[in-house]
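What follows is a set of structures to go through.
What follows is chain A paired twice: with chain B in the first complex and chain C in the second.
Moving on to the complex of A and B:
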């Protein structure tokens, strides 16, 4: 009993530590992203560090900035850019937390360390939804809010259902997650080729729209800023989706037993699972629509969390949300430092891939010591 | 003599042997020879049919009379081709089909051998990062060395062909050479990483993990490069060149010269792998058993991996990606021949050739010859699901 209480207290401390870490990261990100973007950029080259620093100060303190020849090169008209950056940061935090939560939920309900929304076809479904959107609306996609949510959500749900159905078909009556993962990887390869075929036969404008959509999502870093209302809607939707997890945390704890034992505890595992699948798919849809292809986060973060916070669902939920947000914010900071001529700021998806791949390999190599059974 | 010992071992103790018919695991001479001859005949008939009867039914609707007359013209051209005269373009079709057969054989044998060597039903050179290396090299080539194609400045075929004649070998095949080097470099990187990570040994798990890691890095790079091309080019030439590599086609390989350039390395590689079939049989027992039988497992695995990487690099750099051929065909080949590599390798070569020629024929009939990867991936993926359905339910197969 005492050890349990101590473990709980320890979990609380680590979660608090992670929260502090996230807040520190956020402050750092705010400083960098408002004061000093474009470290590596052809506009303000890296060898001119003095100019870069001056520009940063001018941005933060809204100073007019003059060079030696008294030419105004930057004024205090940075307000809109700053607001857009802050909104992007808020969305990044929300999405990072949401994606990490999704990973934890999937691992819990499938009882498998490799089960994550990306591996089971959700990301591919969302990308297919984006493809259909671009084929249908061309460049108008950015103004079709409801359609893009509905279509991407529908495709993601359909893909997830297909993967689970195929997995079940292959595995016979047993609920074999390995089969689901295998069929998920095959379906993702097929859908990748289909996407490539449509890209191959697309006009250049549509291709640009699709690239922007898949790599950046709607938080394009340069000038485009989405409305504040859409941020509010996002927050409300995420809240609605996350609430069931918080309220039903004990049911999710019980889900780690076999299905029969969960049923003996008076919890219907089917209902819990269906609810979780719906909510997770929705969170993933929102996150990927806003942040681009960052779904791999849902595979990486839960492993790290299990090592740091232990296996209690409640602690892991909080901890993974904090860690996921932190990782995505760091990636956002990195992306805001690099400006490429002709593209703008680097998209966040590839950076997430670069950061999380070594983490994933480290986890895979040290699989036995991570505290769960395969 | 020690190495030859491996060749004399008669395989009787593989898993699932009791499920097979008695003749299945026999030697090449006898029951196996019949199968090989049947497959070869089927391949010849199919290739002949594809050359003579292919017609783009989707884009050029046709009446029966016109279709028959077109076929008749082709038969006349075949006569001229066989007597060594100008054959009105049919020779290109013939070379393409032969190249398709070679490519199919190479891909399928690579798949069979890597599945055997790594004892993993889903191992294939593409999974091990060879393709990613090639794609990175293609992107690098397009960034560094690319010039706008001269084809837009020349209007007639003669002008274009004189231009091509004036080019040196290196100029003409520069992209292919870059991709070849990239594939081999990718394979080298993966071997180096997995050898370091496995502390001198090259275990299959580490190899596959490092392959996946390398491909994710490479995909990041290629997706950024593609993004840059789409935004920065006034024409979409580079972006579409990049995507064309991923789609797989025989549009760049249709002459006798291409046939020689592709065929000789593929034949050498296949010959080398066929010569190793005895040792491949030995390694199927497992690493420790193979070591006890006097086989240097690490070196053998490296050699086989390098040969497979070279073969798939040649295919990738000339014809682009063709997914699932190396993954699906070996399973069917295994069903036909049993698991003795002496019979399995020729069978899978013939079956792979048959598959790719068939895919090419189907693609020619629906007007999709520039995107073969779609057909192979969709059909191959469905077939792989079917195989999984059948095998994983029974759980007593050699695999999985």
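Moving on to the complex of A and C:
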């Protein structure tokens, strides 16, 4: 009995330590993200931050400076960039955490460590949604807030439904996740062909817009006021989507078991799964719309997290949100430090891929050598 | 508590029932073993009783009340289910698995209370697996896993335990240990329904038996009257001898011994 308690206490200390390390890492990465580009790039002189702070204080304390705010802002070419970058940072943290949560939720409701929104068609659906947006609105696409949410969300949901339908068609009554993953990969190929066809046949300007959207997301090319409203909407919607899972953190553990068992434990697995699919698709849509192709995080982070924090949904939620945010911010830092003439800053997607792949391999190798499942 | 299955017809497709007009009853302090050859409908009957499959005729009542429209939480508070093979995809600690038995009382949005924690700990102690509390469920042995699942079932505080081949894949020692625990639970007043492929277990547990024959007839009664050489032949198509013996305390029990020429002598019984 004592051994059990001591082991449990040891486990709690490890989890707390890992959580503290993650928070420290995230804070450090945030500091680097805010400070480093100013220190190393002539494009962002350090006085820029000073101006931003001065304006902020002036606003709070109603100093005379506040009345001249617009003049001051207009005189500074860098003010907008600083504000936009701080806002992008907030979006990056939210999206990183959100995508990782989506991975955890998908793996739990599908009871399979290989299930992730990217593998089950959600990312492909969002990309198709972006394609339709560009075909319909061309360069105006950046100003269509509602349309982009609705269309990409709708397409992601439709693609997910298609993957599940095809999985059922292939597997019959087995309802196997493997069948669904296979269907997801088939539909991913088909959606790739569709994307390729339109890429070859669209105007150069539209192609450029589509490229920007899929690589960078909507965090580029946004005006000050628009980005602010959009950020508030994003925070509110993410809050609404994530809150049910925080409240259901205990009952969600039961979802990891076979549906029959879950039902006999007193939980209706169908209702919970429908709610989860809807919310996850929305979070993924918002995250990919803002950050570009970074869906791979939803596969990598839950594995890494489970290796550190254990399998409980409660700790997985907190741990994966932190780790996802940390990894995406680090990738954002790296991408914003690499400036290529003629192209601009490197998009975040490839950096995420480069960082995630070795991390996933390391976690899987550790899992095998330690003899446990992640 | 009394579970009554009255003239139930069940199966996977309406119009093609696997079993028809099945009737049986189990009360508190009784064990009911469902026996029968592979593919005859044991699991179908089992799932129908648990409402995992719809029934096409008849009714299932608990204490006289039809359970067809019961909410999932009420069903969970009445019957706890232990699946046959159980390997969750993620390495939950054994105690986390047992705690899940409390889900029906917390509901979807609440967290377990101190009382729930105490109930889970008590269930683990009763099953003798408290020392495994912090161990990953995926790393413990098959026998320990089955006892952890029984602890989870007890944590549900049900009136009835429904066990799907509780000794499948266990070595002989673990089979006996698990059966001991099941008999002890019966003594404490639980009603137990279990499927098994071993008629001997029905004798060991002094259970009531629902034997499903190859013609899908259900023979229901006490173990001594249902498990006879003829009925075993009707169910499994092999000859077996039912032997009686006494233990050192003088208790008489029975066991089935298969006869080696059973395949050759099919039809000669």
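Following the convention adopted for this analysis, the second predicted complex is superposed on the first by the 280 of 374 C-alpha atoms of A that agree within 3 Å, B and C clash if a C-alpha of one lies under 4 Å from a C-alpha of the other, contacts with A are read in each partner's own complex, and residues count from 1 in each chain.
The rule is simple: a residue touches a chain if its C-beta (ideal position, glycine included) is under 8 Å from a C-beta of that chain, and two chains touch if they have at least 3 such contacts.
None of the values given here were measured: they were computed from a predicted structure.
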Touching partner for A:165 - first (chain B), second (chain C), both, neither: neither
Which of chain B and chain C A:239 touches, first, second, both or neither: neither
Touched partner set for A:354, first chain B, second chain C, both or neither: first
Partner chain(s) touched by A:194 [first = chain B, second = chain C, both, neither]: first
Touched partner set for A:28, first chain B, second chain C, both or neither: neither
Touching partner for A:340 - first (chain B), second (chain C), both, neither: first
Common interface residues of chain A - those touching chain B in one complex and chain C in the other: none
Chain A - residues contacting chain B, complex: 166, 169-172, 179, 182-183, 186-187, 189-190, 193-194, 196-197, 199-200, 204, 207-208, 211, 215, 340, 342-343, 346-347, 349-350, 353-354, 357-358, 360-361, 364-365
Sites on chain C touched by chain A in the complex: 47, 50, 52, 72-73, 75-77, 79-81, 83, 88-93, 95-96, 99-101, 103-112, 130-136, 138-139, 156
Chain A - residues contacting chain C, complex: 1, 3-5, 7-8, 11, 107-108, 111-113, 247-251, 253-254, 256-258, 260-261, 263-268, 272, 306, 310-312, 371-374
Residue numbers on chain B that touch chain A, as the complex places them: 122, 197, 209-210, 213, 216-217, 219-221, 223-224, 226-228, 230-232, 236, 239-240, 243-244, 246-247, 323-324, 370-371, 373-374, 377-378, 381, 384-385, 388-389, 392-393
